[in-house]
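I am attaching a structure below and will ask some questions about it afterwards.
Think of it as A, B, C and D in the order they're written, each chain with its own count starting at 1.
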Amino acid sequence: MSTLTVFWIFGVIAMLGGLLCITRRSPIGSALWLVVTLFALAAMFVLLDAQFLAALQVLVYAGAIMVLFLFVIMLLNLGRPGPSDIRGTMGIGVAIVLAGVLLFQLRVLGTAAPPEAIALPPGTMAALQQREGIIGSVAGPLFDAYLIPFEIASVLLLAAIVGAVVLAKKRL
Amino acid sequence: MLLGPALAISAVLFTLGVAGVLLRRNVIVIFICVELMLNAVNLTFVALSQHLGVGGQVFVFFVMAVAAAEAAVGLAIILAVYRHQRSVDLQNMRLLKG
Amino acid sequence: MTGTAADFVWLAPLLALAGFVLNGALALWRPAAKTAVSVIGVGVLVGAFVVAVLTFRAFAGLETDVPLLFRYWSWMPVGELQLDVALQVDQLSTVMLLVVTGVGSLIHLFSVGYMREDPGYARYFAYLNLFVFFMLVLVLGANFAVLFVGWEGVGLCSYLLIGFWFTETVNADAGRKAFVVNRIGDFGFLLAMLMIFWATGSLDFGAVFGQAPAAFDAGGAAITGITLLLFLGCTGKSAQIPLYTWLPDAMQGPTPVSALIHAATMVTAGVYLVARCGVLFALAPLSSAVVAGTGALTALFAATIALKQWDIKRVLAYSTISQLGYMFLAVGTGGAAMAAGIFHLATHAFFKALLFLGSGSVIFAMHRAYHATHSPEDAQDMRNMGGLRRFMPWTAMLMWIATLAIAGVPFFSGFFSKDEILAAAFARGTVHPQWLVFWAIGLVAALLTAFYMTRLMLYTFHGPNRTGERERQHLAEAPWMMTGPLLVLGVLSAVGGLLNLPALWGGNAWLHHWLEPVTESAVVDAVPPLSHGTEWVLVGIAVAVAVLGVVGAWRLLKPAGLVPAREAPAERGFQRVLRNKWYVDEIYDALIVRPIVWLSREVLWKRVDQRLVDGAGVNGAARAARAWGALGTRLQNGQVGVYVALFVVGVLLVLWRAIG
Amino acid sequence: MYERWALTALLVWPLVAGLGVMVLPAPRARAAALVASLVEFAISAPLWWTFVPDGGMQFLADYAWIPAWGIRYTVGVDGISLFMVLLTTFLMPLSVLGSWNIPRRQPAFFGLLLILTTGMIGVFVSLDLFLFYVMWEVMLIPMYFIIGVWGGDNRLYAAIKFFIYTMFGSLLMLVAILALYTAAGRATGTYSFAYTHLLSQATQPGPTAWWLFGAFFLAFAIKVPLFPFHTWLPDAHVEAPTAGSVILAGILLKMGTYGFLRFALPLFPGVALHETVQFAIVALSLVGIIYGGLVAMVQPDFKKLIAYSSVSHLGFVMLGIWALTLQSVQGALLVMINHGISTGALFFLVGMIYERRHSRMIDAYGGIARVVPLFAAILTVVSLSSIGLPGTNGFVGEFLVLLGAFRHYPVATAIATTGVIIAAAYLLWALQRIIFNPLTDPENERLTDLTPRELLVLVPLLACIVWIGVYPKPFLRRMEPAARALIEQVRPAPLP
């Protein structure tokens, strides 16, 4: 099986997961199908020479963020199937039309490949990973060129933590 | 080359996310759909980083951080609203109306 | 600067102004200090008269034909326009100066007695002094703008004095009417000034009159327009057709005011202006004819109304309008007749002031009588008088002198001046036939004048008394403070003709020669002098007319048949039309005043301003904006789903641009 | 030295003082405001003596403000703006004194009044269009609050109407300023808002010039106000407190005519003197004169009457400006000053009687000259000045306008002159119904005459009325070179 075939298999899984994610009636179903999509994406990341991100995807996204979602869903006791929250015919129509137009536009944009001039020669990433290590190749720029955004991200996370505590607590 | 398929899949995932947001009224599900859209974008970043340098992967890293922050705050808001409204249905939330 | 007393001519207006300031201050803060008010009020006028006499003597001593110019300060220096506050002393202004201050002094003196009991005594003298100030500015001003200051200023004082007893709506209305009607005339004056300035580049009398023959085509549209506009100003100030209607109403003011402002001085300002601008009128034959024609017509028209008035002051008011008509006939005739016009102005100032002050005495006595018995009768209605000569012999005698003078009975002052005007009109008529018509109209008016004046005297002083049994005991001659000035005016009315005794009567026509430097430039075209024979015939006709009027009235009217005002029946037919002054006031009101007020209120304000501009335009725009806003709030319904959908649409639109 | 800091001090001092007054306790605020405004007047007074008539723009101060966009702080005065600045500083102490007993929140009121001064002076002295625009807006806000907080019953409507009206015009003006800025920048490579810079670039006519002139025209015409943009004025005048009305009439309206003189005419001479534009503006001025007068005649509310009379007076100013002769432009400037003085005095008088009787309706009065002779005397004098009686200031201005305008527009001037008749009709009629006629309402018997404080407000105005009426030369001498320069700039060749 060529890489392409494997890639497409995971791609179909991801798309199916996404479709089911948005159509399941139960929020828990949606969340779990999203997890499926996330795993498929992690596999695709590996195929795209981003092994470190793939690991992060599984650990942080599927592992931490989605658990948070499930936790809240269950905390609010929304797990049992209730009346559907999917909109009526009108809403579905609007959604389909808008989504269709968007897909068309994205496809048109996607076919416009990046100009050759700025594109790196094939295999550059693999060579970089050979030289610096899988993690090192990402960590290098992260603590060098992107140091300040990195620090700001940490502040953002701190703020988010404080904000979440403030918002979620019943009484300060 | 995986760029074309990656972009196509990413477009479909993003569209699914948008459709989900438009389709659902449950705030948590809408949130999930937003996560789906974020991931679709992540896929694009990763795919393009193969061609344009490792910066794309760094962006994905940041997206994850932001998504985590967003999830924390967003879910806290949902909790607060739920306490007040006893519902997570968008139709019951009209706080934006003046 | 001449080094003579004429240099101090500025003292005359300044004294009057000082009187105004002092009396005005007293009026506001010490209204009860009547003695001080009298001393200041009369004192400044006498002082001004002394200045006038000294100025006159000094100027006569200089024997110059050139006016004396006194520039005090630069008023409006803007580019080509160089206006100074400047006074001018020449033959014409000295005559006016003497008349204004002389007659003014007498009337001030009379007022001390007449107004003694009035709570507004100080205010009255303040206004009167202010009037004299403006009148002196008017006659002394060396350019059109300074003249205009006086011109409007006297209008202001007239307004204030007519409405002196302002708590009566009629009086306040009359004052306002006088001012607004005068403003219509001033509109003409202003426009004329603008045209003069852009035609000659100056507003100074000397420069304008010097350049006028070169700057204007004789008889051209420009000069005709200017002079007609100036004359519009005169019709306002001097109460000529069509703007005369304010003067009869002006009788609402205190009687000395009527004597000073509305008979002797202010209303003659128009005559003065035409005489002053004789050069300009000489260049515009059409305007001169209009002036003379309007004068003659007014003389006749006003005389007809005077025939049927019962209010003693109204008769005199219409008589004034009529006499002013004569003066305009004179100055419109131009040349030597200018001097005749000024002559009549002076004699009229004497006898009409006397008549008004005499009627003031009568009203004073009547008022006192009615006041003593608390009777509500009208103290000015001649039907309530009758036989007063038995109670106030001095007043009766003096008023008879004035009546004979105004009627043109020989050897009284009015005889000479009126005769000269008619003779001049006739002489001009030998060249321009339309003047013969004016002459004829003037003659008819003279007949009516004699008639209505005799009627006034007859009803007031002769026949049985109709005042009432109880009131009769209170009738008495006015105090000497008031009769004294009457006496002086009586003498002047009798012998005023000596001022300008024509050669025909062995005189040397002094005024005529004195004014020559001013009038000689105003000669329109050579009018052959009348032969002595013709002149004698004209004199004969005039005397016959006067005598016919007096005797006719004496024979036709039966004062014994009159009943007091409250019992009098209403007039019928043509008499009623005359009684109601040809309904001119009503016609003006219906055709001009009411439509304008209606247009302003109902159309301009309520429709255009409130409905159209503000309603449809401004608030309409506001409503439209609000409607758009309402559409907007429909979107902002708080449904997050809708927001998201719109957001997506927005993104799609942006992407559309990105695709190109 | 004085030359360099005078104008800046005039701008900064009231702002600082105003903020200071706002935090003072109520009883002391008004005294402090009075002192502050007197200091302001004292700072401005030497301008009168040190101004050199032939010296062009003077008292210049020029500092970089936002250099990246070519925005500078440039201020200066010439013979046109000098009098507007002096009029402002002259009226401010009187306004403070005239609103001595204003109810509610005195510190805020007097503080706003002082801040307003900064805005008004700023408008008149700015020589940088951006600064000008900023000042134009700065003046708007305090006025909005003055009307909206301390006004009459319908104050909110009036305040909002005033605000939106002015804002509408001024935003268009901002667009036009920016367009001028970019156009001049493209043409010369120097991007600057400086008045002189834009002036040197703005002479080419063309379709853009028409649009830009239109925007400026609208902004200024609303402010003047020219018919049919005048309807904010009666409402604002009537609802504003006394000091607000005085400042509105005395100074704010002059910003419109000043704008025409300083910006609209010199920047777009080609458009401004185009036949159609000339005709339209002269016609609108005439409509203002006649229409304003006629509508004033039938107003039952004395303040409204004065408001409409302002429309009429400002019509004369516009006529004078557009006639562009030395006499008419100087006359227009004088009418601007006179209108500030006379109409200001009228508003003060109405305010004083309103404080006693709480009515602005003409019908509520009648015959009060007997009760309050001093008030009646002053009201009469001021009314006469407003209708242009010779010997008062009103005459000099109107006469010069008419005289100058007659040269180019004889027919229009003849029509405008009828305004003189109408003015007499409406003001004297109102005067009669207020102070003359029978005294019918017993409430009017109890009116008290003017207090010394009120006299102190009115006497300086009366003095100016007589001074300008009798000896206007000091004014004319100072404004002549500026007027001449303006005319030469706008109308290079005199019309035939």
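Just so we're on the same page, contacts are C-beta pairs under 8 Å (C-beta built on N, C-alpha and C of every residue); 3 or more make two chains touch, one makes a residue touch a chain.
Bear in mind the structure is a predicted one, so any value in this text is a computation, not a measurement.
Chemist: Which chain has its C-alpha centroid farthest away from the centroid of subunit D?
Modeler: The chain lying farthest from subunit D is A.
Chemist: Going by C-alpha centres, which chain is most central here?
Modeler: That would be D.
Chemist: Where the centres are mean C-alpha positions, what is the separation of subunit C from subunit D, in Å?
Modeler: Chain centres of subunit C and subunit D, defined by C-alpha means, are spaced 38 Å apart.
Chemist: If you average the Cα atoms of subunit A and of subunit D to get two centres, how far apart are those centres in Å?
Modeler: That pair's centroid distance is 66 Å.
Chemist: If you average the CA atoms of subunit A and of subunit C, how many Å lie between those two points?
Modeler: Centre-to-centre distance between subunit A and subunit C: 101 Å.
Chemist: Taking the mean of the C-alpha atoms as each chain's centre, how many Å separate subunit A from subunit B?
Modeler: Inter-chain centre distance comes to 7 Å.
Chemist: Could you say which residues in subunit B touch two or more other chains, in rising order?
Modeler: Correct list: 18, 22, 25.
Chemist: Spell out, as numbers or ranges, the residues of subunit D touching 2 or more other chains.
Modeler: none
Chemist: Which parts of subunit C, given as residue numbers and ranges, touch two or more other chains?
Modeler: In subunit C, 641, 645, 648 touch at least two other chains.
Chemist: Note which residues of subunit C are touching subunit D in the complex, please.
Modeler: Residues in contact with subunit D: 24, 27-28, 73-81, 85, 145, 148-149, 151-153, 156, 159-160, 163, 166-169, 172-173, 175-176, 179-180, 183-184, 186-187, 190-191, 193-195, 197-198, 596-597, 599-601, 604-605, 608-609, 613-614, 617-618, 622.
Chemist: In their complex, what parts of subunit B are in touch with subunit C?
Modeler: By the definition above, subunit B touches subunit C via 18, 21-22, 25, 90-91, 93-98.
Chemist: Any idea which subunit A residues touch subunit B in the complex?
Modeler: So the residues of subunit A touching subunit B come out as 3-4, 7-8, 11, 14-15, 18-19, 21-23, 27, 30-31, 34, 37-38, 41, 44-45, 47-50, 52-53, 56-57, 60-61, 64-66, 68-69, 72-73, 75-76, 78, 85-87, 91-92, 94-96, 98-99, 102-103, 106-107, 110-111, 113-114, 118-120, 122, 125, 128, 137-138, 140-142, 145-146, 149-150, 153, 156-157, 159-161, 163-168, 170.
Chemist: For subunit D, which residues count as touching subunit C in their complex?
Modeler: Within the complex, subunit D touches subunit C at residues 161, 164-165, 227-228, 230-232, 291, 294-295, 297-299, 325-327, 330-331, 367, 369-370, 373-374, 377, 380, 384, 389-391, 395-396, 399-400, 402-404, 406-407, 410, 413-414, 417-418, 420-421, 424-425, 428-429, 432, 435-439, 470-473, 476-477, 480, 484.
Chemist: Can you check the complex and tell me which residues of subunit A touch subunit C?
Modeler: Contacts found on subunit A: 87, 91, 94, 98, 101-102, 105-106, 108-109.
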